[in-house]
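Below you'll find a set of structures to go through.
Across the two complexes that follow, subunit A remains constant while its partner is subunit B and subsequently subunit C.
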Partner chain A sequence: MRRVMNIAPARGSGMLLAAIPFFLIVVIYIIGSAERRAANPDDKLLPPVSEMVQTTQRLATEPDRRSGDYVLWTDTAASLRRLGLGLGISTLVGLGFGLTIGLLPIIGASFGTIVAVISMIPPMAMLPILFIVFGLGELSKVMLIIIGVAPTLIRDMSIEVQSLPREQMIKAQTLGASTWQVAIRVVLPQIMPRLIKSVRLMIGPAFLFLISAEAIASDVGLGYRIFLVRRYLSMDVILPYVAWITLLAFALDYLLGLFARKTFPWAYVEEPR
Partner chain B sequence: MSALSFRNVWVEYGSQIVLERINIEIASGTFLSVVGPSGAGKSTFLRLILGQERPSQGKVLLDGEPFPAEPGPDRGIVFQRYSVFPHLTVLGNVLVGYEFEQRPLTARLFGAARREAIEKCEAMIEGVGLAEHRDKYPSALSGGMQQRLAIAQALARRPRVLLLDEPFGALDPGTRAQMHALIKPLWRDLKMTIVMVTHDIKEAFGLATRLIALDKPRRDPQAPGRFGAKITYDLDLTRHGPVPVLGFLKAVAVIG
Partner chain C sequence: MKRLLSFATAVAIGLGTITAASAEPKKEFNIAWTIYVGWMPWPYAAENGIVKKWADKYGITINVTQINDYVESINQYTAGKFDGVTVTNMDALTIPAAGGVDTSAIIMGDYSNGNDGVVLKKGKTLADIKGQKVNLVELSVSHYLLARGLSTVKLQEKDIKTVNTSDADIVAAAKSPDTTAVVTWNPQLLEVKADPGATEVFDSSKIPGEIEDLMVVKTETLKDNPNLAKALVGIWYETIALMKDQTEKGKAAREAMAKLSGTDLAGFEAQLKTTHMYYTPKDGAAFMTSADLPKIMDLVRSFCFEHNLLGDNVKSMDEVGIQTPTKTLGAEKNIKLRFDPSYMELAEQGKL
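Moving on, here comes the complex of A and B:
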């Protein structure tokens, strides 16, 4: 008898195995929804799939009666814009500061500790301050994402820089490289795969901060919408929105992973998958 | 010209003395082997030349001049590991030296300058026998090939002194013999000074024209850090005579 730990699924059956949990969730939902509808025709908690499809179709293809917007798309555009700005700026800040702190001992000594402390501030506790300082507009929402994401990225990047073998830094110097040249030709390319990995992991927190900020003060956005319709128990809107947000996050994660593999093939040589 | 001199050099870490009273003149074009037990300061000796470390007392001079206390292009190095850049191909690893030299701001060459540099690189890569692997990343190369790449890379900037820090220590005996056959003609053709730290006594005798042994001649069991290592043997291997080494050509014909 082979050990269970040595039994690996083949490619085809692997995909099948991956599909099973999704299938189970759908089946359980459909059964549950049908049961509740049978007991109470006005049930709002588990709307049937057909109703959700109908609502989604209305939100995606028909202009809103009051504002004339295609609600799903305007919400998506507004949220993705905030998320993109927040994550993008955090990435640049994380990379720039992280590289400098990791590479230059003077900067590391000056700013390493303060970054470690700042990264421990709970970002949600900062939200009222952001609303007071930056107002209720776009800026405070983007700032919340940056405050939540950037310090972690800075720390992660500086640790990654410091974990590069000392030999490589010496070697580069014996090839005549200046500090700047070491930064752009030796350090930067080698920490890029890690940066993308970290940004992928930060997509979850970034969405958390985005939806929280939108829920509290906004007039458009995915998070605003689900918290708005919560008052009417509109599960037929909330559930598709949650699924849509999940899909967006998953797609972003997947695309970043694909990009990293294409751009930095050398970093993925030894990975089994 | 690339003569090295150590003038009364001491290295101390706090109360621990690593090297004491090192005085040695290394003539230009010498192939110097440094042997000794672990902890006898061989690597410290190398780091002094590299500029990674400063003597607590005394001076290290290159051609009679002190040099800045940081690594520079006049002193190349090959480490036992991590010597090549994993994110660059074989060609990129050698090319990057020229790119550092010619483009201070972008450190990248394009167009005609790049083609010219690539030509020089290809000669180096050819010289160490990696021509057919020029577009591979180091992770796809064997240990021996990576070390050959490291040598080609170190030689790209034509250093006056080449430092080898146990460069062949991690290789199997067959590959090591190939590396010996490679390094000797390179040293002869490029007329540079080589300082090699090694644990392999046969290698030390076989390749070098001069050999020094570092060891602690005095020990105080109550204070192990009290006495540092000195040069306990200094052998000239160019003379005819007393040190035959099996499997190596004698260095006699080489130095002129």
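Moving on, here comes the complex of A and C:
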């Protein structure tokens, strides 16, 4: 008997199937937008696609009337810088602490629990404290990302280290490896693919924290713009910005995936793609 | 395929609810309010049966709903979820009116008479603000107040740097050491001012009447259902008469309103002091029909146009028409914001 679970689409039709939901969303949007426009020609909630294209063009290619900046690009640059710093530092912290906590029982016993507890604190709930400690500038925005992302990475890395076969460590020691050598030559290469995978999964949360930080106090950035124009319901700015953020996050995720496959092909042997 | 189908149905249902929302039968009306000293009579009236009393009198149902976020409440109104909303004159112009929703202000509730202020941590006069970073909700009435203040000391917006700061977090932001200047409104303003070293250098009592708190409804709904406006005006003046009342009964009402807005009686009365309430329909209507209102709205719309708040395709501030009883500003053919004192006048004449 032919089971549904065994029917796989061919490459071409697979792409078509993937495109259908996107197409449906666009069609539904266009219908909804046209309907609201028919009722009120100045409607701002669902602007037609042509208007969004126009606005995007203006934001990307014309200097802003007041500041003279090319708004879309200055916002993107500022946000990507914050995101890059936040995610980058989180990755280093996650790797360093995770490896140490996982490998050294002494460190694990002292810091394992506190990291587990800290990773459960919702960073958004501590905002007032963050403001007072780190101020309102760039530092607090990057810190919010780090506080949100790093503890989870640390935990994930330490668990990954602990799940490595004990025999490997013993073998390396009988061959005369020191703790440092085991960490660098045995453990580190094996947890790198996992690290990249976890960072990929944390792109979403990192963006969430970035946008929140920018919404609260900021003068440039993707989140700043969205929350600024929200005041007068400029969906023709918000919707393209949301699409742009999604695209940026998707591209970042894709590039990291590509990098991981190129650098650690052995970790992906069993995966089909 | 099955999954695709169920996805399509789900979206279709979603779309259905969007379109259904715009065509309700009109016996039931939805009014949104947010926490602000001058709007607290609404929840009090709802909780104490005053809303029901007047609604029953006109044979309608009025649902009074609190929205936690002020801008969100106006956006919801503009999108069509509510028939009326509590809003300032400036936001009524920039959000619903500029968004094509023809809006009528039927109650002139109060104007801010010190409820909005500019606070400096470094500096004793407004002129000291030059070159500082100013934390405020950009493009809000705070921004307007700041612009009006700057013009009094011959400064321009170029001379400062604004940092958009959420009103929910502005108290915490003000405590941060690298924050030196803040513009905000009450109740946050009271907190910010209370900090040692903070000086209030400009406030809305220096621009009396310019930041007005209104009750607005959709003009179309108003035309078809004048009873809604009559009921709302009836509710309003009955409730604020209690608010003003100096006997135990009035105190109890104010205490209840204070509690609803998350403060105590003393805090509420402190905020009332900096709010110029129009306690009688006569005073409210008189301000609406005065020659000052078009002058004020002209200042407000200039600010809005200069800051691009009327929309990007708007080439002149005359494109969005504003009608006041004495004068119409801008395009007669595209009037989107109307000040309509007729219901307050009915209340004044006791004809409700």
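Everything below uses one rule, namely that the second predicted complex is superposed on the first by the 271 of 273 C-alpha atoms of A that agree within 3 Å, B and C clash if a C-alpha of one lies under 4 Å from a C-alpha of the other, contacts with A are read in each partner's own complex, and residues count from 1 in each chain.
Throughout what follows, a residue touches a chain if its C-beta (ideal position, glycine included) is under 8 Å from a C-beta of that chain, and two chains touch if they have at least 3 such contacts.
Fair warning: this is a prediction, and the values are worked out from it, not measured in the lab.
Engineer: Using the superposition on subunit A, decide if subunit B and subunit C clash or fit.
Structural biologist: fit
Engineer: Going by the contact rule stated at the top, is it subunit B or subunit C that touches a larger number of residues on subunit A?
Structural biologist: C
Engineer: Just subunit B (first), just subunit C (second), both, or neither: which does A:Gly176 touch?
Structural biologist: A:Gly176: touches subunit B, not subunit C.
Engineer: Give one of first, second, both or neither to describe whether A:Leu233 is in contact with subunit B, with subunit C, with both, or with none.
Structural biologist: Touch status of A:Leu233: second partner only.
Engineer: Just subunit B (first), just subunit C (second), both, or neither: which does A:Ile216 touch?
Structural biologist: second
Engineer: For the overlay on chain A, what angle lies at subunit A between subunit B and subunit C, C-alpha centres, nearest 10°?
Structural biologist: In the superposed model, the angle at subunit A is 150 degrees.
Engineer: Is A:Gln168 touching anything from subunit B or subunit C once the two structures are fitted on A? First, second, both or neither.
Structural biologist: Only subunit B; A:Gln168 stays clear of subunit C.
Engineer: Could you state the shortest Cα distance, in Å, between subunit B and subunit C after the structures are superposed?
Structural biologist: Superposed on chain A, the two chains' closest C-alpha atoms are separated by 37 Å.
Engineer: Which subunit A residues contact subunit B in one complex and subunit C in the other?
Structural biologist: In the superposed arrangement, which is not itself an observed complex, subunit A uses no residue for both subunit B and subunit C.
Engineer: List the residues on subunit A that touch subunit C in their complex, please.
Structural biologist: 17, 20-21, 24-25, 28, 31-32, 35-36, 39-45, 55, 58, 65-66, 127-128, 131-132, 135-137, 215-219, 224, 227-228, 230-234
Engineer: Subunit A touches which residues of subunit C in the complex?
Structural biologist: On the subunit C side, the touching residues are 4, 7-8, 11-12, 15, 18-19, 22, 71, 75, 78-79, 94-95, 98-101, 135, 137-140, 161-166, 169, 171-173, 175-179, 307-309, 311-312, 336.
Engineer: Can you check the complex and tell me which residues of subunit A touch subunit B?
Structural biologist: So the residues of subunit A touching subunit B come out as 165, 167-168, 170-178, 180-181, 184-186, 189-190, 264-267, 269-270.
Engineer: Give every residue of subunit B touching subunit A within the complex, in rising order.
Structural biologist: Per the touch definition, subunit B meets subunit A at residues 50, 52, 70-73, 75-77, 79, 81-87, 96-97, 99-101, 104-108, 137, 139-140, 153-154, 156-157, 159.
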